[in-house]
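Okay, so subunit A shows up in both of these, paired with subunit B first and subunit C after.
Then we have the complex of A and B:
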């Protein structure tokens, strides 16, 4: 691809605890631990670098505790990283790291420039606000001040995510899990964010609903050319959605490349294990 | 405005045992300082140390502390309660100010230099030499969307108002129109969302680009805020759902016959109802055929 990356991350490190000089040397896949033996701090992720190009889907795969969700939570600023820089091309033309954003800029980043779909719809939705209102919240944050237009956009995205339009003015608290997840997807995508983050979006849904949600995300992504980072421990999700894939273990990136390449011809021992256990 | 030091020197104690205007000099000074800050940052809620007064909190102590900290020789005070000069509460507040400072009081809007009011803006247009002091029960307009005061203050600081807009959107979805009768939220000077106190919608347009100074006091909640003269005050509205003031189609005041003032509905013993002006001073003036400058 000849384009400039839409997102460029360098040196992302998140450590829980005070940390010491030995933390980074004494943890990682080589030591098979992410707890620093010297100080007891937990290295959630260390020195993660990635580039995401416009219209591309990047998968991050790994087992629980591999640090993949920490990467995503840092990007969406739910967590503050200890060090690192992340440049989003639509934020200050990619010249200011999103982790140096002011509180006001952070809100703009979260509400307008990025869209996040959490594993649990409760984290991404206000269940006591109507489905249309949930979608409208992001549009209102982007200074939409026309109820008719807000409702038209909400209806459009609820339609695309296959939520019946007549449920638009109902509270998601009374929706099924799968439908809540579809509303959350509609909410994250409705204002066409520059970067979409999907965190284990099908975990917790039953198999038939999972397939529907994945089809839906793939369809919208293709049609709108969204730039997406999808985190999952489920290789089939990654295989279906991701153009490129990063494999993480103990807070480090151990392998990355085209998804087919990584999954068909894994080089790192851990990836081989992951692929063979999934088969 | 006369300084506190001059007041104490020239007037001493109006009645034995009490400071001029009931509040002690240091309290007056602190409240005035808070008011200066409030005027400097239109719509911003300034915390202040609300004093104990001989009336209960929730009965106008915020407005009363502003009034008592402002009054000085030469001021003429008017106090109204829902537009009415004669209500028990208005009378009590007026008498307290009168007794402890000896200043003149009036019911005529045009004569007053300071008007303390509960939930109304007078029908007569206020001038640049007049101050309207509004009593306020809940100064925080974000309370309905955010119960925590500290979070609400951070939302104000960052101009984070999307949840407030969301609440208005949800009202429209539920009711088909903008919600809220009294105290409709407004954006002041393009910056802070402000609770205009429970004045009817009728009075909201009067806050915008007015010649007079509006000072708002919440004694129980320990906040003062202000709308300085010539400041924009815009009700929160959508492009396709506009803010509208109350209307009284076909109704006129039963006393003065006015058809363009805010009317109170009165239910009579025989089950019928009639309407009268909520602003009694305006109603009196209309009955006397006096000239009244309108907003």
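Then we have the complex of A and C:
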């Protein structure tokens, strides 16, 4: 049993606005607000801690505004946290927080060590560059230099994500939402990142298309043993993909545990409401 | 052989209380003060009227429910003692993968996966090749008499009895040391029940231990070494089959009570 986490996060806090001494005490589930009454700053997430182990899928569930996407955006460095540390075992052997990375290291983290799939394919793809070009771009950033190898790898990942190879040289702008999402997944996974971040990856899709995308992610995860954090407001997505689950509300983690335990024996009032609403 | 005299599972004062915040903090107590030991290779049946807490005990041992108090010391294949009530989530995940399996009353499986792969997946996760895992799965499905024409279909479309056998096959294929079973044969006819019993007894001959909720008296006599009788969340009696009186409960009443 491998018991060194691939990712270890402590004290992650993100506040929008100047912030004041009262921000953390005056917000959160107990106050049912994430806007600080003293200074008006918004506490997106506060003191979030998590460990992710190799080959594991961790779910983060919560309603809009719970802070779950902020956690992912901080990890992918789309957002800079106010405080906290995050150690990725493949970055400086887990001895330097990713939030202390230099500009060059940040590029390495985003292009090589981590892969992000956004809710909106527009955020993860350049829709006016071909599907193959999108993947090639990411491989180039990861120092792939041989054009033939890049094309072969792009074709391989488009095949794995069930995008017809004949669409490889087409622009994703003219793809369906489901196919755009599959290209985005291929792009995120093509250079075998240590950490995969999935943010509401099926939220904008039709139900039947959602099923296809989820099955795809589940199958690739099983086959390749990816380490994944999946954020969703949809309990069925969490149930299908996650080994362990964290529940967030008003920027705080209110509960965490084995996914079946969180869904069948929820402890926190908010989780009980969430589970009974979905049933 | 000192190891064999120590129980496989030592359950002490296990209790479960649920606070329903969405019902103004109402408190439900499925069971409390549950204590019993299970020896390696033993089959223990938990019996009792509906609402007596049987299923909740099984779920708590599987950690689908969190215990409120007490412990359940499980002795692993490697000889370590692990409290199933308080061990870290990661330890429980590992035990579920390698040693402890649950057969719930109703099949809960990933949608859109063929029956044979649902069974085979348990082995693939433990490192077997897809081919050898499917072979083992096919063998077990055959022994449980699941029609071969169903193997490639999705179990969501199956009858209750077919689903139940998929559920059993999925748990047994990985040869668990401890099987937790919640009415695993409630939807089976007598012929399929007999097949299932044969399969469970064969697993016992390979050293498997089982704790299961059962209703059928004949079945209990055939399969159980000992019986734990529960009433209203408490243990009323523990003893060998024939030594304790087993309350008769119709499975249909049980289902009706839940609906």
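In the analysis below, the second predicted complex is superposed on the first by the 277 of 279 C-alpha atoms of A that agree within 3 Å, B and C clash if a C-alpha of one lies under 4 Å from a C-alpha of the other, contacts with A are read in each partner's own complex, and residues count from 1 in each chain.
By our rule, contacts are C-beta pairs under 8 Å (C-beta built on N, C-alpha and C of every residue); 3 or more make two chains touch, one makes a residue touch a chain.
Source: prediction; values computed, not measured.
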Clash or fit (per the criteria above) of subunit B with subunit C on subunit A: fit
Subunit B versus subunit C as contact partner of A:145, first or second or both or neither: first
Subunit B, subunit C and vertex subunit A (Cα centres) - angle in steps of 10°: 150
A:133 touches, of subunit B and subunit C: first, second, both or neither? first
Contacts of A:244 with subunit B and subunit C, given as first, second, both or neither: second
Contacts of A:39 with subunit B and subunit C, given as first, second, both or neither: neither
Partner chain(s) touched by A:111 [first = subunit B, second = subunit C, both, neither]: first
Partner chain in contact with A:267 - subunit B first, subunit C second, else both or neither: second
Touched partner set for A:258, first subunit B, second subunit C, both or neither: second
Smallest separation of CA atoms, subunit C relative to subunit B, angstrom: 36
Set intersection of subunit A contacts, subunit C complex versus subunit B complex: none
Subunit C residues within the subunit A interface of the complex: 18, 20-22, 59, 63-66, 89-90, 92-94, 110-112, 121, 124-125
Subunit B residues within the subunit A interface of the complex: 154, 158-160, 162-163, 165-166, 169-170, 172-173, 238-241
Subunit A residues within the subunit B interface of the complex: 103-104, 107, 111, 129-130, 132-133, 136-137, 140-141, 145-148, 150, 169
Of all residues in subunit A, those that touch subunit C in their complex: 1, 3, 53, 211, 215, 218, 222, 240, 243-244, 257-258, 260-261, 264-265, 267-269, 272-273, 276
